[in-house]
Structures are given as structure tokens and as C-alpha cells.
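Multiple structures follow.
Okay, so subunit A shows up in both of these, paired with subunit B first and subunit C after.
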Partner chain A sequence: MFYTLVIIGILYLLLIFLAGWFFERKLSASAFKPWMPYVYALALAVYCTAWTFYGSIGRAANSGLSFILIYLGPTLALFLWYPVSKKLFRLKNSQGISSLADFLAARYGKSQSLGALVAMLSLLGILPYISLQIKAISESFSFLAQAEIKSSLSTADPALYVSLLMIVFTIAFGTRYVQGNRPKAGLIGTIAFESLFKLIAFVVVGIIAIKSFVKHPQFDQAWLNFQSLSLDAQGSEWMSTLLISAFAFMLLPRQFQMGIVENNSEKNIAKSLWLFPLYLLIINLFVLPFAFMGQVLSPEVNSDFYLLSVSKILSGDALATLAFLGGLSASTSMIIVSTLALGNMISTYLLVPYFAVKNKPATQRIINLRRLAIALIIILAYLYYHFMALSNSLVSIGLISFVAMSQFAPAFLGGLYWRDAKRPAAYWSITLGFIVWFYFLVMPNLAQILDLNYWLNSSLSASNIAARMGLSTFSAASFLSLGFNAILFVFLSLRLNSSIEEQNQALLFVEADKFGIKENSPSLYRGTAPFPNMKALLVNFLGSHRTEEVLERYARLNNINWLSSPLADGRMITYAERLLSETIGPASAKIMIASVVQKEELSQREVLDILEESKKVLLLNKELSKRSDQLKKATEKLQEANDKLLEFADLKDEFLYTVTHELRTPLTAIRSQAELLQDDPEMPEADRQMFLDNIVADCDRLTRLISNVLDLEKFESGNQKLSLTKVQVGDLIRNAVANYQAMALKQGIDLACEIDDSLKATYADADRIAQVITNLLGNALKFAAADGGLVRASAIQLEDSVKVSILDNGNGIPAADHEIIFDKFYQVRDQTRRKPLGSGLGLAICKNIVQMHRGKIWVESTAKGETCLCFTLPQYTKNPLKS
Partner chain B sequence: MEKVYALNALLVFCLLLLLSPLFLGFFSSLWAYSLYLFFLWVIMIAYLYKWSKKMEKK
Partner chain C sequence: MSSKILIVDDEINILMSLEYLFKRKGYEVFIARNGTEAKALVDSSSPDVVLLDIMMPDVDGYEVCEYIKAKENAPKVIFLSAKSKKSDEEKGYEVGADLYLHKPFSNKDLVQKIKELTTSP
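For the complex of A and B:
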């Protein structure tokens, strides 16, 4: 089992590298665009870590349903998430935000110290959580492989290799670009893939295990336990867990990274509102069953590993291995994203200001510092796991991190929605919140490790204070830390003043929706800077290639020629600052910009005016874009109409050409025969008679053609009127068949009619309908088979119409031509290629006549290849023209 | 739109009450309470689904 697990684990890790490589190339393609909302929702499921696979089951086994609150909290948060995430997404783009530290630093006056505080405290809060994932990998492997976990560092520890591979993966797919906020397709695709994998793994393992357990002798016992267990829960515990997990969903570095930084479109957010909670519901369906199965099947095992033990007992090693892979997938995705987010914060606020901004060029150095931070975080997490986390349960570590990250909530929400929120208030309230968190949730662990029993037993110990409040330590820590934090934040914000720059930033953040700020912030700089200096600054941090690219784009959009405009104006400076913020954070960007620009402070009134102006420009742009779209559509329609007119003109030309050609042919024959008669008065009588007959026949042909053209013109111009009388269509068919009988006999064609006895009389123009029948019969006789020809004319009574069919056993009409044989233009056009026996206008006239009667005409092909031309006439009991 | 957000905030408050153990008195066992939570969760997702469709159209 040991080596099998090692090989399967390695194969899985190779698979996620392959997924990263695949998505890096494919996910940004337009073909994947419709799938992005789903990918985004799945990426948010990085929330479900190894804790979901192991810790939740352990918690369910020990305290029933309380584990569910960790997933219900985010579901509740989603009710309010849409406006928050939309605003954050816009701010990410307009302010160049790459992390929570960037957000808070930028909002509170581009403060380097606040960003550094948030980065350090995030590391303190999340490092144990990352180590929890490493612990889960190590312990689940050891449990299944039945290997012993060594408390000292060992090269035999699988978690060591997984940690090293996570460093490689995060660096390979998370630090490709120097801009921290640029979505990374390989990363988001891989995380979405892992989320899908862990969900499928959990569900498959759950279904198979339950199916096997239903037949198990101990099923009744487990079911009894489940039904009879009462829930002894504290209201305060429930409220605090819901609140903390809702905040954690918004503020955990991995959630901020996937939810905001890696999001590439506002449109992705809406779908995640229901997909993500649905994911949480499905993945939690099997937690309680595993807890109860574990209690009866493997009571001796640590409850955190009931998933592995139960699946192994019920379905063997294969199912347990799938469960292990699900847990591995959950752990690795959390490690990758959390480390990347923390690495961004640490490098931006603790490394770049000291090691990169003073050295040139800085681009590669910044990327290297980010890589160094990532490696350091995972190594620290691994060491923490070995020396601190071995004795703690999975759940306890996770909740400690949740409470830690919740300390940013007042400053975060205040920063988004309260213009009076101040930087010192944010700084000190976060610090106070973390002190209370440390005292209640970290100190007890430290005291145990350091044997500080006197503190543990004193009345000031965390557990004793919580007991005096009638709360659990966790609830007391949550309420007190967040309570003190929020009170201090509000108090200091109301008491203190802030700099003009901070006030301006507050305005930009709080009013981001109102002023419609999406891509670029409006210019808040007065003054100019030499363009070469600005360009040199950008080249230093973005590299020459990207600098050329962004400057060229900026110049194109704003119609600027850098050669004739040697000064960068306020808008350009704001744009450059945003680009720098994406790379080195807002605080360092501000310092760098200040080194080339002599900045003048703007009053808040001036900023408001600029924002109003910017809003007007945006609205104007929107209106212009709307008008431009309308114009585009109108132009397209005009183009279509023009194309149609051109086509009609072509058809008209062709029609005229063919008609004149048709007229010329008999005229030429008549002329030449008349000349012969004129030149030879002694011509034998028989020849003379033959020429005269030919001349008469050609004149008939000319008359027919001219009549057809005139008929068509009448129909199409609407000058043709119908004279409706009561008509027996059957009689018209019989007459037409009788007229053609002699010709049919001569050609050896079997011509007959079949009239339905129930056929009723209807109102129609008898002459015109007779013309249609005669025309169709004439065509059928022309095209019927030369040998054994057959033509049938029939009429049947339908519910509200009369159907007439003329069938011949000729060569048939290709299916592609069924729709267009009634088109006169088609007929005429076709004549130039394939000469028909008639004028080619007969069917077009038939169609016009039938349509004037409000009937339909069409072609059918029988299974034997015979052609049947059919038309219907509405059944009128009264003359429709008179009613 | 702001009215919708306010309605959602009110819903969250109501759901906090509905999810709280204050309601445990109505349920005879963990089993019954689990079912209650499950259906409440499904209803929440259905509401979010409807709301997200509205946002997508906007």
C-alpha cells in the first residue's frame, strides 16, 4: 500500500502540473469564455480544504451538526456578496490591487505601514492553516500506508515532498507576470479542476460507502445513534461560528485571491452566487453519515480520519485511495492559493521596498522576491507543522485562522462603505483585534507548550474569562476581538483627522459605484512630469517590452504622439501609478511616482469635481457607444438592403436578357422562313404549307411568352383581379385531362384523374385555376418518362381546403430545388444554363394564382422518385370577396 | 437596486434566526433538525439562483 500510495500521489501531482500547463494555454481562448463563470465558481470552492475532508467529519462525530456552520456562514455571506465583490473588482482594476493588504493600504492613503501590518498579521494567522494542510497530507498518508509519523524532520515524510512540489507549482503558475493582479489562467483552471475532483471524489466515496453500509450488520446501530442523538448547542457558539466563517469567506487570502484578484470579468460573479453554495451543500451531504459510520465501524480511530477508515473497511483500499486523493487535492489547492496570496503581500510590503525599488532593473528582482516569499512561507508552514501542529486537531487550527482573518473585517467593510473611516483607526483596531485573538486562541496553546500552568489556572486565563462570560473560549475570542476591534475603529475614525490624500482615496473607494469607476481612476494629479523620466520609471518596474506596449496603447486611445508631447499629464501619471501599483503595491508606487512628479495636493472639492466630470465623461462615452452601436446596426441593415437591391437588379437584367432571347429565337425563325417564301415564288405547295405552319407555331409561341410576361407583371403589380364563382375543382380537372388525352395517347402516356367523391365546391376564379391545372398537367406530360409514362391528376377534400395533386413518373426534381422552382427569377436564370421545354414562367404564374386564392403550392417526391406538384385552395362556403 | 440589497440584508437576519439553535425546541432530534437545515439550505440556494439570474440580465 505504501508504494501504491506514493505512485498514485505522484501521478496526481503530475496531473495538476499538466492541468496548469493546459489551462495556461487554453483557458484564455474565446472558446472557454462561456465556461468562465463555472470555472470561477469552482475556483471559489478552494474554501473547502482538507478540513472539509477530515476535520468536518471529526467535528460532526464529536459535536453533531456544528460543522455545518462553517459552510452556512459563506452561504449567508453570498446574500450580500454581489455588491461587495462587484465594487472590489472595479477597485482592483482602477487601483491596481493584488491582495487584501493592497486594498487596505490603498484605501487608507496608500499606507506602507498598514500594508506591512496586514501582511505580517495575515502570515501569522494563515501559517498555521497552511501547516494544517501539510499535516492532513502527512497524517492521511501515514494512516492509509500504516506508516509512523516521525516528530523529527525526516526525508521519509511524504508531506516534505508535497510541500516542495507545491513551491514549484506556485512559482511556475503563480509568478509568471510581474503584475500581481493579472488573472493567471493556469492557476485558476487548475484550482477549478481540483475543486471538481475533490467534489467528485467525496460524492463517489460517500455513495459507495453508504451503499455498502446499508447491508452492514451495524447499520441499525448507527441509524439508532443518529436518530436518538439530541443536539446540545449553545446559541452564542452558533452565532460566532456563522459570523466568523462569513467573514473568512470574504477575507481569507485564498478567497480574496480567487474571488477578486483572479477574476477576469464582472459577469462571472452572478453565477457563483448559487453555484458555490450548491457546491458546499453537495460536498457536505456525506459528512454526517461518515461520522456515524465511523463511530460504529472504527471507534478506535481518530475521528478526523473516519473518511479513510470507513471507506477502507467498507470497500477496500481502492475507495480509501480515492478518498485520500480527494483530501490531497483539497490540501494542495489551498496551499497553492494561500501561499501565492501571502507571498504577494509579504514580497510587496516586506521585501520589495527594501530589496527592489533601489535597484535597477527591478522587474526580475520583484518576481524573484515573490518566489522567495512563496518558498519561505511553505517552508515555515512545514516547520510549524512539525514543531507546533502535531498535537492539535485539524478543526482547532482552522478556526483559529478564521478568527484571525476576521480581524480585518471592520477596516475592510468600513473602507468600502464609510468615508470617515481613518487610517490610524484601521491600524490600531486591527492591532487590538489581533492582540485579543492572540491572548484567547494562541496563548493557551503556547502556555501548554511552555508549561505556563500558573497562567492557565489564573483568573485572567482565556478559558476562565470565557467561562465567567458563559461562553466557550472560541466564542469569547470571536466576540471580544471583533467587538473591541470594531468599537475602537469607529471611535478613532470619528475622533481623528486624515490627510487630504487619504480623504481623496476614501472618496474614490466609497463612491466607486456612484462614479462608475471601472478601468482607470480619474486623474487626481495636478501638474506634469517629463515623459522620458516617467518612461524610465515604468521600464524599471515593468520591463521595456510591457512599457512600450502600455504606452503605445495609451497613446492610441488618447490620440497622443509622445514625440510631440514630451510631458506626461495628470491622467498619464495616474495611469502610470496604477501600473506600478499592480507590480509593487500602491504605497511603493506612490513613492516612486513622487520621485519624478512634483505633486500638488487637490482639495476634496476639486476631487469631487473631477469625479463628477469623470462620471459625465463616462456617461457620454456610454451614450456615444450606444449611438455607435445603433449606427452600426443601421449600417448593417442598409448594407443588407443594398445587397438585396443589387441582387434584384442582377436578376432583372438576367430576366430581360432571357425574355428578349426567347422572343428573338422564334422571330429569327419566322423571318428566315418568310424570306424563303418571298425569295422562291415557285416553291412546291407542300413546302410552302410546312413553312407557313412553322410560322404560325412560332407566332403562337411568341404570343404565349408575351401573355405569360404580361400575366406575371399583372400579378406582381397587383393589377390582376380574381373573379370568384362557385367552382367544382373536380370538373376543372376532368376537363383539363380530357383536353390533354389526345396528346397523351400520341406520346404513349397513361393519363387519368382520380377525384374524391366527397369533394365540395368552393369559391375560386375558375379560369385561373383551370390555367394552373393545365399548366401543371402540361409540365407533367413534358417530363413524364418517355417509356411507360404515367400522369395522374387527383383531388381530395381536406378539413378546410381542397388539395389537388399532379403526379408524373419522370426523372424527378432534386430536393434542393423544391423551394425555388416556383421562383420566376430562378427559372429564368436557370434557363441560361439548362434550356427548359417551356417559357419557364408557368410555375411562377401558378404560384401567384394559388397565393392570390390564399392557397399553397409545393413539390413532393414519392419514394419511387416520382414528382408530385400539389396545391391547396381554401374551402369557402361564401364568396370571400363579398363577405 | 439598493432596495434588493436591503431585502437581502433583512433575509440574512431572518436566516440567522432560523438557523440558530433557538429553533431546536421544535425538533425532536438531530435527525429532524438535519432535515430542516437541509431544506432551509436548498431554499437559500433557490433564492440565490433567482437573484443571480436577475443580476445576469442587468
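For the complex of A and C:
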């Protein structure tokens, strides 16, 4: 088991290196873009550490449901976190902020000392927490491998190697860019991957364990215990845990890193509002079951390790190994991100000002200092885990860190939303909060280690003070530290004054949303600097390649020619300061800028004016882009209309072409025959008569065609008016049939009509409807079968219309042509084939007439394959034109 | 030996007129009312000249022309069409016609053009 576990563990760590390498190359590709909100939400789940795997279950076993508060706090805090993170995202870009220390330093007048304080206290608060993760790795390993690991430095401790690998990973994927606030795809992707992995591991282990536990003899006992689950935690305990975990979710270095610094788009935030709570819900589903299974299955085991013991008992080593890997992934992601965030703060505020600023070139040196800080932090955490007895359970050490980070909350929220918040107030209130924190949560542990029993028993000891207040030590520590902290912060902020620079920063931060400052902050300086000096400064910290790049971009965006304007203006200086801030933090950046610029701060009034101006420009830009969108739409519409006109013109050409063709055909016959008659005076009388008859028939055809064209033109131009009278459609049909009877008889066609007796009179244009019926009948007779031809005209009464059908037993019309036979010269689609019907206009005219009556005309095929042309006329009992 | 002429058109009056005209001029005359008939008659009676309409109910004139011109010792083909576009005419020559005449035509012209066509090498 020992070696299996070692090999599997190594394989997992190799996997995350591979993941880092893969995501670094792929995640920035556009194919991943739609997935970024999900990756982002998963990366936020770095919140769930080894604590979730081990400590939560332990806490659930010892004190019931209260473990859930640690996840409920962040869920409730999301309402606050949403506006906060959006604002921070903007500030991160406009101010070049890469950490919480940067944020507070920049907000409170670009203060080096405040940044350093935040960096040191964060280290103090988080270091034990990182140690805790190392401890979890080591203990879970030794638990499963059943190997005793001595609590002294030992090369047999797997946690040592994991820690060393974490240094390598964090340096490899966390310090790629000298700008601290630039998102690192490999890091984000790997953390998201680890979050997904630990979720799946927990859920799989949970499902399999429960499945086999249901049949277990001790199931009933556990079920009984479950039913007596206690909810009797103190209200104050609940309150303090919720409050502390809500603040921790925003302020923990790893959360600030993944939630703000590594975020690449404002759009990611919204989706995480429901994805992140969902994640917390799923990963906590199995905490209680494991607590109760552990109590009955392995009561002898430390409750923190119920997950491992239960999965081992129920399903053997394989499942327990999966549980172990889940815990390992939770630990490693926490170590990586926390260390990176702390490393940035420590190097920016404690190393860079002393070791990098005065040396040239600084770029590589800055990165190296960050790497050094990262390595130091992990080594320190590892040493802490060995030399300080970590006697507390996993949960309590985590909560101590939570309370520590919460001390930044007043200065943080005040900085974002309260213009009167002042630097000394932030400085001293944070200090005070940490002192209380230290007194209540750290001192007792120290006293225990140092055997200071007299102090532990004195009336001033933390536990006794808490007892007098009727609270747990943790609750008392939370309320007192945050309470004193906040009161001092408000009190000092109201009492003190601040520098103009700090006031300007306060304005920029508090109004970040209102003025919509994103990429380029407006110039807040009066003053100029020689451009070469400015450039040299940037080259030193950014490297010459990137300097050229950003200056070129800046010049392009602002239409500046450096050659013709050798002086950098206020805006350029502001921009340069932001670029520097991204690499060395706002405080050092300010000092560097001051070294080349004789600058003068603007008054608050002037800053407000500038901000208003930039807001106006922003609005103007919005308005302009709206206008240009409208113009674009109008252009598209015009283009469309133009296309339609062209299409109409084409159709008209087509129509003319077809009409002339139709005119030429009878003309050809007339001319040719007339010529024959003219040239051949001796033509036999019979032939002469025949040609003359033909000429007359062709002339008739020409006349018909011309009147049809004119008819159609009238209908289509809307010049044709209907004259409506009360009409019996049945009579019209009978008349038309009577007119054709002689012709039908001659062709041997059986022609008859069938009129519904109930047919009612309707208002219609009698002549026009007669024209339609005649036309349809004419067609039907033409196409009826040559032998035994049959044509039927019928009319029936429908609910609110009259339906007329003309049926013939000819070859029928192909289904594909049913729609188009009503088009003018419908053979147009197949230009070289002659149409089967008359002049090609008759049906088009019929359609126009029927449609003017608001009726419909169409082709039906009967079951026997006969063709039926049908139309309806709406039933009008009054003249619809006279209302 | 009299020349043989095939007249293809779906307009009966035009057919009758041309039939009369060319019989009087001493041609042996065949008539077809659609493309299919035309193809069959070209095969069976091997005419010297074919007068060809384009718009017909089944196979169109262009196709008939291609069919004719694919044969050995193909007869001369003259399109007689009411299709008046330049592109129609171009297509007619493309498929191998010897002449493209627009309807309406004059009988004298037509007879003259056929004479020129059949006597020239």
C-alpha cells in the first residue's frame, strides 16, 4: 500500500503539471472562450481545501450541522461580492492592482507602509493555514499507508516532496509575467481542473460508500444517530462563523487571486453567482453521511479521517485512494494559489523596494524575487508544520486564518465605498484587529506550547474573557476583533485629514463604477516629463520589448507621435504609472514616477472635472457607436430595398421578354401566310380559304393576348376596381357551362355542372367572376382526356364562403407546378419549354380577381388523379365596399 | 434530286404555311410538332436542312440541334425563334446552328438564306 500510494500520488502530481502545461498553451485560444465562465467558477472553488475533505467531516461528527456555515457564509456573501468584484475587476485594470496589499496601498494614497503591513499580516495569518494543508497531506498519507511519520524533519515524509513540487509548480506557472495582474492561463486551468477533480472524487467516493453502507448491519444505528442530529449550536456561534467566512471568501489571498487578479473578463462573474453555490452544495452533500458512517464504523479513528477510514472499510483500498487523491488535489490547489498570492505581496512590499528598484535591468530581478518569496513561504510553512505542534483539529486552524483575514474587511469595504476612509485609520484599525486576533486565537496556543499555565488560568486569558461574555473563544475573538477594528476605523477616518493624492485615489476607487473607467484612467497629474527619461524607466521595469509594444499601442490609440512631441504629458505619466504598478506595486511605482517627473497633484475639484469629462467622452462614444449602428442598419435596409427594386426590374424585363415572344409567334404565322397569299395568285381556293381562316384566328389570338396583358397590368397596378352586386355564383357557372356546351359536344367531352342547392347569394363582381369561371372551364376543356373527356363545374356552400371547383380528367398538373401555374407565363422558370396552358396569363388574371375578392385559388388533385382548379369567394351578405 | 427539309415547330399555323411554301419550291418536306418527333425524323429521313423552333413542349430546340450536330454528315440547322435576346442567339450558335433567324421572318428571305446555305461548300 505504501508504494502504491506513493506511485499514484506522483502520477497525480505529474498530471497537474501536464494540465498546467496544456492549459497554458490552449486556454487562451478562442475555442475556450465560451467555457471561461465555468473555468472561472471552478477556479473560485479553490475555497474548498483539504478542510472540506477531512475537517468538515470531523466537525460534523463532533458538532452536527455547524460545518455548513463555512459554506453558507460565502453563498450569502455573493450578493455583496458581485458588485465588489465587478468594481475590483475594473480597478485591477485601471490601477494595475495584483493583490489585496496592492489594493489597499493604492486606495490609501499609494502607501508603501500600508502595503507592507498587509503583506506581513497576511503571511502571519495564512502561513499556519498552508502548514495545515501540508499536514493534511502527510497525515492522510500515513493514515492510509499505515506508516508512522515522525514529527521531525524526515526524508521519508511524502509531504516534503509534495511541498517541493508545489514550489516548482507555483514558480513555473505563477511567475510567467512580470505584470502581477495578468491572468495566467496555465494556473487558472489547473486550479479549475483540480476543483473539478476533487468534486468528482468526493461525489464518487460518497455514492459508492453509501451504496454499500445501505446493506451494512450498522446502517440502522447510523440512521438513528442521524435522526437525532443536533441543531443546538449557539446563535452567536452561527453569526460569527457566517460573518467570518463571508469576509474570508472575499479577502483570503487565494480568493482574491482567483476571483479578481486571474479574472480575464467581467462577464465571468455573473455565471459564478449560481455555479459556485451549486459547487459548494454538491461537494457538501456527503459530509454528514460520512460523519455518521464514521461514528459507527470506525469510532476509534480521529474524526477528521472518517472519509478515509469509511471508504476503506466499505470498499477497500481503491476507493480510499480516490478519497486521498481528492484531498491531495484540494491541498495542492490551496497551497499553489495561496503561496502565489502571498509571494506577490511579500516580494512587492518587502523585497522589491530594497533589492530591485535600484538595480538595472529590473525585470528579471523582480520575477526572481517573487520566486524567492514563493519558495520561502512554502519552506516556512513546511517548517511550521514540523516545529509547531499542530494540535488543533483541521477546522479550528482554518478558522483562525479566516478571522485574521477578516481584519482587512473594514479598510477594504470602506476603501471601496466610503470616500472619507483614511490611510492612518486603515493602518491602525488593521493593526488593532490583529492584536485582538492574536490575543484571543494565537496566544492560547502559544501558551499551551510554552506551558504558561498560570496565564491560561488567569482571569485575563482569552477563554475566561469569552466565558464571561457568554461566548465561545472563537465567537468572542471574531466579534471583538472586528468590532474594535471597525469602530477605530470609522472613528479615525472621521477625525483625520488626508493628502490630496489620497483624496484623489479615494475618488477614483469609490466612483469607479460611476465614471466607467476601464482601461485608461484619465490624467491626474499636472506636469510633464522628458519622454526619453520616461521610456528608460519603463524599459528598466518592463523590458525593452514590452515597453516598445505598450508605447506603440498607446501612441496609436491616442494619435501621438513621440518624435514630434518629446514631452510625456499628464496622461502618459498616468499610463506609465499604471504599467509600473502592475510589476512593482502602486507604492513603488509612485516613487519611480516621482524620480523622473516634477509633478503637481490636482485639486479634488479638478479631478472631479476630469472624471466628469471622461464620463462624457465615454457617453459620447456610446452615443456615437449607437448612431453608427443605426446608420449601418439603415444602409442595410436601403441595400435590401435596392435589391428588391432590381429584382422587380428583372421581373419586369422578364415579363416584357415573354410578352414579346408571345406576340411574335402569331405574327410570324400571319406574316408567313399573308406572304404566301400575296406571292401565289394561283393558289387553290381551299388552301387560300384555310390560310385566310388561320390569319383571322391568329389575329384573334393577338387581340386576346393584348387585352390579357392590359387586364393584368390594371390588376397589378391597382387600377382595376370591382363593382360589387349581389350575385348567385351558381347562375354564373350555369351560364358559362351553357356557353361551352356546343364546343364540348364537338370535342366529345361530357360537360356538366353540379350546384349545391343551399348556395347563397354573395356580393361579388359578376363579370369578373364569370371571366374566372370561363377561363378555368376553357382550360379544363383543352386538357380533358382526348377520349371520353369529362369536365365538371361544381359549387358548394361552406361556412362563410362559396367554393367553386372545375375538374377535368386530363393528365393533371405535376405537384411541383401547383403553386407556380398562377404566375405570369409560368414557364419562365424553364424558359425553353412551352407552357401547357393558353396565353400564360389567364390563370394569373384569375388569381388577381379571386384575391381582390379576398378569396383563394389553388389546385387540387383528386384521388383518381384528376385535376381540379378550385377557388373560394367569401360570403358577403352586405356590400363590403359600402360600410 | 430534290432537297429534303425538316420543319420543326409546335405552332400548327406556322407549320402549314412553311410546308406549303417549301413544297411549292420543290422540296421534299417533313414536319415535326415537337422535339421528340424531330429527332426521330432526322434519323429516319436524313434531311438536308432542318428549320428548328426553340420553345417546344418536350425537348427544346437547343437539345435537338445538339443531337443533330452530333451525327455524321449532319444537316444544316436554322433556328427560327421568337426568342429575341442576344444571349438566345449566341446559345443557338454555340450548340452548332448554321443560322439563327428571328420570328417573324419573310418567306423570301428564308428561301434565299437556305439556298445560300445549301450551295456554299
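One rule holds for everything that comes next: the second predicted complex is superposed on the first by the 624 of 883 C-alpha atoms of A that agree within 3 Å, B and C clash if a C-alpha of one lies under 4 Å from a C-alpha of the other, contacts with A are read in each partner's own complex, and residues count from 1 in each chain.
Simple rule for what comes next: contacts are C-beta pairs under 8 Å (C-beta built on N, C-alpha and C of every residue); 3 or more make two chains touch, one makes a residue touch a chain.
Note that this is a predicted model, so its numbers are computed, not measured.
Just to be sure I read the superposition right, which of the two partners does A:L281 touch: subunit B = first, subunit C = second, or both, or neither?
first
Where does A:L273 make contact in the superposed view: on subunit B (first), on subunit C (second), on both, or on neither?
first
When the two structures are overlaid on chain A, which partner does A:L65 contact: first (subunit B), second (subunit C), both, or neither?
First partner only.
Check the residue A:T665 against both partner chains and state whether it touches subunit B (first), subunit C (second), both, or neither.
It touches subunit C, and subunit B stays clear.
I'd like to know which partner A:N621 touches here: subunit B for first, subunit C for second, both or neither.
Once the two structures are laid over each other on A, A:N621 reaches no partner at all.
If we overlay the two complexes on their shared chain A, which of subunit B and subunit C does A:M690 touch? Say first, second, both or neither.
second
When the two structures are overlaid on chain A, which partner does A:P83 contact: first (subunit B), second (subunit C), both, or neither?
first
Classify the contacts of A:Q639 with the two partner chains as first (subunit B alone), second (subunit C alone), both, or neither.
Neither partner.
For subunit A, which residues belong to both interfaces, subunit B and subunit C?
In the superposed arrangement, which is not itself an observed complex, subunit A uses no residue for both subunit B and subunit C.
Help me check something: in the complex, which residues belonging to subunit B touch subunit A?
5, 8-9, 11-12, 15-16, 19-22, 24, 27, 29-31, 33-34, 37-38, 41-42, 44-45, 48-49, 51-53, 55-56
In the complex formed with subunit A, which residues of subunit C make contact?
10-11, 13-14, 16-18, 20-21, 24, 54-58, 60-62, 80, 82-85, 102-108
Which of the residues in subunit A end up touching subunit C in this complex?
So the residues of subunit A touching subunit C come out as 657, 660-662, 664-673, 675-676, 679-680, 687, 690-691, 694, 697-698, 827, 831-834, 836.
Which residues, counting only subunit A, touch subunit B once they are in their complex?
Residues in contact with subunit B: 64-65, 68-69, 72, 75-76, 78-80, 82-83, 226-231, 233-235, 238-239, 242, 267, 269-271, 273-274, 277-278, 281, 288.
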